[in-house]
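Look for chain A in each of the two complexes below; its partner is chain B in the first and chain C in the second.
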Partner chain A sequence: MKNVLNYSYYPGCSLHASAKEYDESTKGVFKALRIGLNEVPDWFCCGATPAHNVDELLSLSLCAKNLSLADNVEGDLAVACAACFSRLKTAQHRLTENDIKRKQVETAIAGAVSLEKPVKHLLEILAKDYGLDRLADAVKKPLNGLKVATYYGCLLTRPPDVPELDCCEAPTIMENVIAATGAEPVAWSHRLECCGANFTLSRPGVVLNLSNAILASAKRAGADCIMVACPLCHGNLDIRQKEIEEANGTRYGMPVFYMTQLLGLAVGVPAGKLGLDSMIVNPLPLLKEKGLV
Partner chain B sequence: MKNSKMYLSTETMNLGFVRKVEALSGSSVRRCFQCGKCSAGCPMRTFMEHPPNRIVRLLQLGQWERVLAGRSIWYCASCETCSTRCPNKVDLAAIMDALRKLSWDANGPSKESYVQLANRLFIENIKTYGRQYEMRLAAVFNIKSGQFMKDFLLGPKLLTKGKLKVFHQKNRNIGEIEQIFSRIEEMRKKGEAP
Partner chain C sequence: MSRIGVFVCHCGENISRTVDVERVAAEIGKLPGVALATDYKYMCSDPGQGLLKKAVAEHKLDGLVVAACSPRMHEKTFRNAAKAAGLNPFLCEMANIREHCSWVHEDREEATAKAIDIVRLMVERVKKDKALQPITVPITKRALVIGGGIAGIQAALDIADCGHQVLLVEREPSIGGHMAQLSETFPTLDCSQCIMTPKMVDVANHPNIKLYTWSEIEHVDGYIGNFQVTIRKKARSVDMDKCTGCGICMAKCPQKNIKSKFDCGLGTRPAIYVPFPQAVPNTPVIDRENCTYFKSGKCGVCAKVCGPGAVDYDQQDELITEPVGAIVVATGFELYSIAEKPKGSSIKGYGEFGHGTIPDVIDGMTFERLASASGPTGGKILRPSDGREPKQVVFVQCVGSRAREKGISYCSKVCCMYTAKHTMLYKHKVHDGQAYVFFMDARTPGKSYDEFWRRAVEEEEAVYIRGMVSRLYQKGDKIVVMGSDVLVGVQVEIEADLVVLATAVQPRQGADSLAQKLGISYDTYNFYSEAHAKLKPVECATAGIYLAGACQGPKDIPDTVSQASAAAAKVMTLFSRDQLEREPIVARVNERNCVACFSCKKVCPYGAVEEKEIRDRQGNLIRVVAYVNPGVCGGCGTCQATCPSKSVELDGYTDEQVMAMIEAL
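Now for the complex of A and B:
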């Protein structure tokens, strides 16, 4: 069958390692929806936070080079990681409005920068290009009764003029996407707070503190699970959850899903192809209780 | 104190440094009127000795050395909350980037070495492999920072979940990446780039 949409795809470093279930479930969902994804060959690291932290020119140059590699593959650029998405969009933005920086980057990559190709986060593709109605129609197994805390983190919507994904202070795109599956998004306080991803290595104490507040807020709101769209958020909330519980003397047992894992369950991707067994906090008891596996 | 007003003047300000920050960040430092909204939303303020609004104030008052020597700039998570909310369009997140670069280039007078070490290793990884390999990054960080046992239990667990890649793929663009690094260095030597 023919694809209804086609994209070039920039997975980013995490999706090839600690977030491989995000990559796997993204491919599963897109295949089920007949959306084509063609990975950009030999893409490289966008520089993430550490590069722009101390060297903006390096960060912009790495992103510009990746954007020009992406030009060789057909379709708008689909990005899964919120951090890569933010860096690539920021580079497009800065290089469009600042001639001096653009010239420096052109020297660094020894070529013209190409800023035309739209860069889109998976959320945008699902909610806007594919469309919420069509998504709702594609649902085979509604996630009825599942209470989901949708976690945006900091980079999906900020700063206001860069990601162009949704409102920077009161976004609804994640809620809309998950509501299309029949699940129930909960209202909660910490959906836009930072998890401290940049300090995972250097200052894990920061992560234990910030991410604890996020987990506690989701629990207070009565969520069964958290849904994320970023491998860094996932690393902190899922991989470190036990550590967070120990450090704060509490217990959450809160499964943290990538949005594509939940969508995959809903649109009929076999559970074995969603990387559920890669999650550190075991989601199976919850999914069994809700009759979803 | 009734009629005391505080004026910002070029003498108190150290305009040279402020200009440097403004050029690097593309944001005004002088426009800040100290409403404090940036700090109210900053998730990292409790870890900083100077919250974001005070960083700007110190710059306005010419006390940039205190800013560069402190650890606050390294404790900024780049979450963009401050830039999103500032009523005067002060792009504080970009100012933080600029300050870190200035401190970094001056070979880090700051007390915060772990964040700098992690940044350095991350960037070196890009240069060598083209992509990030988290396990390698963590292992080297632990060795260099002397925290051998840190996250000791996390490693094996991730390995069994297949989340850590032990073998590195060769990236066919690696030559291209090396060249980007060397061209930037070249530009900087010639004074053509900051």
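Now for the complex of A and C:
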């Protein structure tokens, strides 16, 4: 049976900078699972939050241009960052339903808009294209006993009709993927709440409050660690964790993993190639305790 | 040569806004056979009808065309006017230039041209109209009422009090419906049981009411005045004639922990049970799915302890066919479940509220049971999870209702009022408790309703927060309610002990399949459709079937009772005559040409075609032909289109008439 999966890959800016470990672990996991992953040449920023707040046409045009570049590489477009995923899907959605916008964007990028290539988040690729059963079969070192709080954040499932990844109010895809490795997803209250996102720069107080609620909820549910799929969420929960603890007089010590770091451990990517040393909250004591490193 | 009169109506501005009615009259006036063509602002009004009657006499008219609205609206009006003027009413036809023309077009020129075409066709049809005589059919003066809630009970009592027999069919073991579950009712806070149970007893004792509980409608045949209804009397496993209602079987049944549907799962009941102590009839049923005897063949305790020997494990479902003349549908409602819905449903459920997984998040009906003196807590407000008295209760309105993204866009109408009532009942029982209400709008149209709501806010100190709830989650033994206060513009978080959701009112499960059995129409949500939103609010488009209560749309008790009495009045109007006059638009067989292939019989959706034997004077069979029973014929014309030898025609729509209309186009 020919069952080779091949994807074009849009890493996005964060994965080449603050979230290098997400990029590194994504490549590691895909290699271990023998899924092809070819980076789109000359890709550039999707516009992220600033572009669509300032100028919708700019935001749509940046994404449209990236989508047309992706046409040069074979395979559906794999995206790791939740924000890039959301922007690219939004552009596809808006330009499909609005001919006027589409024409404006075509003028702006001086070329045709190409919307046919499916844009897929890593979760979708692993859970649906690759399959949960196959993923479970590929596990070499089960994450048994590891209690994981799966954190979706805002953009993976919302707004409801755009990402088409899972139910916007009660998604299960993250839990399903991590459960395939033998880890135990915990039931917790804040998996869909906002972490404060970009306010981390302009009004960090907001982040200290919102992210604190998320960490507290994960702790309350008995989680050993949090799993994320978004560089910004990671930054707020991991990099700011110490600050949050100080501001609230608490202590969490809660490692925050990218999903591909945990999956990498399970499918046999060497721990040294998962960027674990880039994490601010040191995960090694936990991983040692669970016998995973 | 015919002498046809044509009357073009302005319908206020409804027609004249887009159709040049004067030009229509002028153009039609030029047609051969048209003796008079004129226009008037409101043809249906008294002066309009007077104009028509006067013209018949003055111009010696022998046919009429009224160019106005749909015949569904006013055909009867104008045919009566024609009759009063001395014409056969079936020589009067309507040309629909409103729904079919002015309402759907914008261009005045084109609309006027189309109106002229429509009227010209009707003139040609009227030229070939024949005087028809109404058909009379007998009426069975017995009514069927489906559903034994307050709507069905009220309708049944009204009809029965008028001296007519009523069959009341209820799906559950007892009548009473939702109203029997309620604690106290707005806006007077009188006890629901106290006003409901006497009516239930009246039903049971009424000599004119035949009660079928634990029964469902299997099949419906026939037509207005002459329905044949097949009722499935489900096996009760208890002989209703022998049972004395002593209740010893229930007391001794070893299965005690089955969740009571009547108590919304808060209380328990045995496998042989009556849903509640005031049940009518007070005869238990055996829940065969949970009964040890039916599951394993062992036990049989109830049969052993029953003094009169009423328990009968071998009882089977019974099918009973009854003739009735009219049907009142009063199947009521159920509440939207916030639990996850099966795939394919347009209803999405509430993942953000945990899909119904948090035990102290309950719906409005469950709160009614908590507050009811006959409820599982004896009327004490206690949390389902740990039996503690909640000190902070959050009520959330519009859960499911007015939420297009969740699949329902309508307002459930009763929730604003019952939530206000809930806050009062709570305050009356838990004096140091605090009620919060998240609401979109407080809708209180009804006599003494707004005063009632204001009382909840001003005297009983319920805190109303305008805004919606985004999420509920359990935190320790509290439920955190995250919402917004849009008037202040802030996010709100309340740690509640109990959350009560005012979930949407929906039609009963299976409402659509009952509608299909009855041949009545229903909307996208499965609420039954009335014949006219304003002028025929209790009639179905199917003659002889009437609606009462929440099966037609969300309704409170006063509205339900009013509608039930109105439906009963309609039934009594029908029963006030001995014979029903039917429109003679029925198919007629030309017996000379009929070759007895009976293709018509195969296609007739009403089962109106019979085989008729033609015999000579000595009684020898000469041949067999088709015969259309005019009492049953629905006038659809399917037989006319099917007949290979052109031997059957629909009066008023003969081939000759239809061809003349086509030629005039």
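Here is the rule we go by: the second predicted complex is superposed on the first by the 290 of 293 C-alpha atoms of A that agree within 3 Å, B and C clash if a C-alpha of one lies under 4 Å from a C-alpha of the other, contacts with A are read in each partner's own complex, and residues count from 1 in each chain.
Keep in mind that, in the parts below, contacts are C-beta pairs under 8 Å (C-beta built on N, C-alpha and C of every residue); 3 or more make two chains touch, one makes a residue touch a chain.
Everything quoted here is computed from the prediction, not taken from an experiment.
Q: Answer with first, second, both or neither: which of chain B and chain C does A:220 touch in the superposed model?
A: Second partner only, chain C.
Q: I'd like to know which partner A:189 touches here: chain B for first, chain C for second, both or neither.
A: After superposition on chain A, A:189 lies in contact with chain C alone.
Q: Based on the superposed arrangement, let me know which partner A:58 touches: chain B (first), chain C (second), both, or neither?
A: first
Q: Contacts for A:160 in the overlay, against chain B (first) and chain C (second): which applies, first, second, both or neither?
A: both
Q: Of the partners chain B and chain C, which touch A:50 in the superposed model: first, second, both, neither?
A: A:50: touches chain B, not chain C.
Q: May I ask you to name which of chain B and chain C touches more residues of chain A?
A: B
Q: Give one of first, second, both or neither to describe whether A:234 is in contact with chain B, with chain C, with both, or with none.
A: Touch partners of A:234: none, neither chain B nor chain C.
Q: Touching A:169, do we find chain B (first), chain C (second), both, or neither?
A: both
Q: Looking at the overlay, does A:98 come into contact with chain B only (first), chain C only (second), both, or neither?
A: first
Q: Touching chain B and also chain C: which chain A residues?
A: 160, 168-169, 193
Q: What residues of chain C sit close enough to touch chain A in their complex?
A: Touch residues, chain C against chain A: 340, 348, 350-352, 355, 405, 471, 473-475, 480.
Q: Which residues of chain A touch chain C once you look at their complex with the stated criterion?
A: 160, 167-170, 189-190, 192-193, 217, 220
Q: Considering only the defined contacts, which chain A positions touch chain B in the complex?
A: Residues of chain A touching chain B: 13-14, 16-20, 41-42, 44-45, 47-58, 61-62, 65, 69, 94, 98, 104, 107-110, 154-155, 158-160, 168-169, 193-194, 196-199, 201-204, 206, 210, 239-240, 243, 277-278, 280.
Q: Would you pull the chain B residues touching chain A in the complex into a rising list?
A: Residues in contact with chain A: 24, 26, 43-44, 47, 75, 77-81, 83-84, 91, 93, 97-98, 100-101, 104, 114-119, 122-123, 125-126, 130-135, 137-138, 141, 150-151, 154, 157-158, 161-165, 169, 171-174, 176-177, 179-181, 183-184, 187, 192-194.
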